[in-house]
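As written, the chain order gives the labels A, B, C and D, with residue 1 at the start of each chain.
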Amino acid sequence: MHKMIALEDAAALIPDGASLLIGGFMGIGSPHRLIGELVRQGRRNLTVIANDTARPGVGIGRLIDARAVARLVASHIGTNPVTQQQVIAGELAAELCPQGTLAERIRAAGSGLGGVLTPTGLGTLVAAGKRTLDIDGTTWLLDLPIAADFALIAAHRADYRCNLDYAMTARNFNPMMAMAGRTVIAEAAEIVPVGVIPPDAVATPGALVDHLLRRDAGHGR
Amino acid sequence: MHKMIALEDAAALIPDGASLLIGGFMGIGSPHRLIGELVRQGRRNLTVIANDTARPGVGIGRLIDARAVARLVASHIGTNPVTQQQVIAGELAAELCPQGTLAERIRAAGSGLGGVLTPTGLGTLVAAGKRTLDIDGTTWLLDLPIAADFALIAAHRADYRCNLDYAMTARNFNPMMAMAGRTVIAEAAEIVPVGVIPPDAVATPGALVDHLLRRDAGHGR
Amino acid sequence: MDAKELIARRIARELPDGGLVNLGIGLPTLVSQYLPPGLDISFQTENGLIGVEPLPEEGAEDEYLSDAGGRFIGAVPGAASFDSCFSFALIRGGHLDVTVLGGLQVDEQGQLANWMIPGRMIPGMGGAMDLVTGARRVIVAMTHTARGEPKILRRCTLPLTSVRRVDLVVTDLAVLAPTARGLELRERAPGVSVEAIVAASAARLILPADIPEMRLAG
Amino acid sequence: MDAKELIARRIARELPDGGLVNLGIGLPTLVSQYLPPGLDISFQTENGLIGVEPLPEEGAEDEYLSDAGGRFIGAVPGAASFDSCFSFALIRGGHLDVTVLGGLQVDEQGQLANWMIPGRMIPGMGGAMDLVTGARRVIVAMTHTARGEPKILRRCTLPLTSVRRVDLVVTDLAVLAPTARGLELRERAPGVSVEAIVAASAARLILPADIPEMRLAG
């Protein structure tokens, strides 16, 4: 199976208006090459599901700067004043979701589960319009799965079979997103021969990865 | 924090009638020392939640042989004729649960979630007496979390901080169970200095482990 | 060629290049022996591995590595191991291209029963209910009859494994495709007549004009 | 000693030996600087690590390792990293012994508001809602007033972070314990009178006979 793809071609797979799960936490563990190329190609009207929008000029913040995002689902946008401005101005529709719930919603989508029954957000603004479920006298909030057209994943290493590992807190949302994107595009800081990542260290099996960015002139940040 | 415990003392923590999550799949990745000691101490009337009961004389099968188990939740008991006999004779109450659902129910308990919404088992015997939920026109079966008094975990390696890793298919149910036992007792094939298991390779952080079996005369199978 | 080999060779032709495939214990496991050359298949075992291969030789058993039946196996270069939640997230989440499972009964609705015989055999469903419910494609591998009794029925009499319609049934006599209209007879085993298949089935079969002989892999 | 240091030193005494603790961004982070000697605490950061410690020196930044605010951190020997689902399973599942969080308002029900000011500040809740809902013990670290306005209220006017009653509120003036009967004044900051605390609060406080001065760690 040939899965290696040039940066330009990978970004070209993603049409205007697509929904994207994008890994990373404040830019740590975000797919910076893919983000940069989407900006360069002038993509518009995207739906982005991600933990945050980092800062202006950084990570997903670059898509915000470029006004490429029309809808956002995130747990935190407080570190990016440009995101705040766009939301307050009504240019960007943002749904705020508790971080743990967001992670589980993405996991549910990728795992074929119908929803998440969580105590988080019960009785708060977050519960508005959502169903609750009473189970043996305890009330739970029902949050629905979030899948997307694409998952853009940043790995630490990828091997020739597209098995991925992650480093430290750069792992964050990437593994769940790799299960919930209908097409999964990964970039890795290193591409290594099969066997360098032992079976027990693989966090995302290559079977989940549709495309892996070539190590080409676009490499690096 | 001192968490090392002698085999005899660890088993003595577990009273007759306790509920136990026990890791392993057909004996691969089961806590063989703890199982053996529970049998030796003559524990009775246990509730065991595990994928299977392996075979007579092997893994959880040894608890079955000893008639230590009164209630069982498992996905498969077909490989152990003694289990079958005890169930058919009415001596052992068994609840059969689809394997993926069982894993998620344990994970839900350890993760503070209210249940599992799965398509698995809908319209079959497994759905009898369970609630279903209609979400946007799709029906889901609601399966409830499973916690237990104790989780008995078999790791590959443990470091001095009780961080655990697992090897190959011996991982199976162990990581979820380590989150769902009110008291977690682990045994490891090797105990290694801190740093031997790098942060990215830790599958169960030591914070989840209450007791780790000493490497003592009872070591080995 | 015995019945099991025939079924395994026929199913081997169904596996898609680059696919992720789970083979059930017993007959289905044989399928991996007959893969067409050059086909790149990753085999999953639900107890936690992608990259199953047979043990390379006796004595190389890894006590931490088995298939779902508890038999020692090997792993290919590039294998990945994971816990049971992740394994079933792959299965239930639609990431598994094909599962091949044994069967006790299949009926005109294309529904499968393969996990218990009330009062006689209660092995439990293991991963079968998740596999049949979640895999993109479900292929049933079974003998057409058991001790002379048909296993292809109008309606399953044993408890169902899933209400989902399976995608293909391969027996020692025939290839059947469950459709919305019923069970369609697609292929005959070499030398087996349509009449013999109909006679060995207790279900109404849809009979197209052309019912060719199976082509076998390997 | 400034207000933040006072609060951090007081909270440092609350952390249980062997505990797993999450410190929010800002003021709460200071708590780790004042741990009593010999105390063995594991600090979690919700973006995926147990074993947070400050960066040992400038230049040692790991581009893959930050705290929840995106600042580069270090990791202790024996640290463990994990994904966001696992991290919040720890939090929501009751495995986190203590979380220390900043606050905008706390009320007589012991409820906390700390994630948004409608129309003015919409940072989002990040992990705060999960932390307040799931941690075994929730400690709020905040100044008693903001620009002269009380933050201890009869009822929060800002959107709640959780309906769960927090366990302790430590301010630059007082230690308050939310109880089923209301907010109990437990301790006074050094040199601060009960009257001053009551005056700086817009909630009814329960006043026990003995309200000692805070003891501080470090």
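The definition used in the following text is that a residue touches a chain if its C-beta (ideal position, glycine included) is under 8 Å from a C-beta of that chain, and two chains touch if they have at least 3 such contacts.
No experiment lies behind these values; they were computed from the predicted model shown.
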* Structure fact -> Check: interface with higher C-beta contact count, A-C vs B-C, is B-C
* Asked: Based on CA centres, what chain would you say lies at the far end from chain D?
  -> C
* Asked: Counting in whole Å, what is the centre-to-centre distance of chain A and chain C, each centre being its mean C-alpha position?
  -> 35
* For chain B and chain C, what's the span in angstrom between their mean Cα positions? -> 29
* Structure fact -> CA centroids of chain A and chain B: separation to the nearest Å works out as 33
* Structure fact -> When centres are defined as mean Cα positions, the distance from chain C to chain D in whole Å is 55
* Where chain C touches two or more other chains at once, by residue number -> 49, 75, 81-82, 85, 88-89, 91-92, 134
* Structure fact -> Residues of chain B that touch two or more other chains sit at 104, 107, 111-113, 118-119, 166-168, 171, 199-200
* Asked: Using the touch rule from the top of the page, what pairs of chains touch, sorted by label?
  -> A-B, A-C, A-D, B-C, B-D
* Asked: What residues of chain B sit close enough to touch chain D in their complex?
  -> 1, 107, 109-113, 159-161, 163, 179, 194-195, 199-200, 202, 205-208
* Under the touch definition given earlier, write down the residues of chain D that touch chain B in their complex. => 17-18, 20, 40, 42, 44, 49-51, 75, 77-82, 85, 88-95, 134
* Structure fact -> chain A residues touching chain B in their complex are 104, 108, 111-119, 133, 135-136, 138, 140, 142, 144, 165-168, 171, 199-201
* Asked: Contact residues on chain A for chain D in the complex?
  -> 25-29, 51-52, 54-55, 74-79, 84, 87-88, 94, 96, 98-104, 107, 118-126, 156, 166-176, 203
* **Residue ranges of chain C touching chain B (in the complex, touch as defined)** => 45-49, 62-66, 68-70, 75, 81-85, 87-89, 91-92, 121-130, 133-134, 159-163
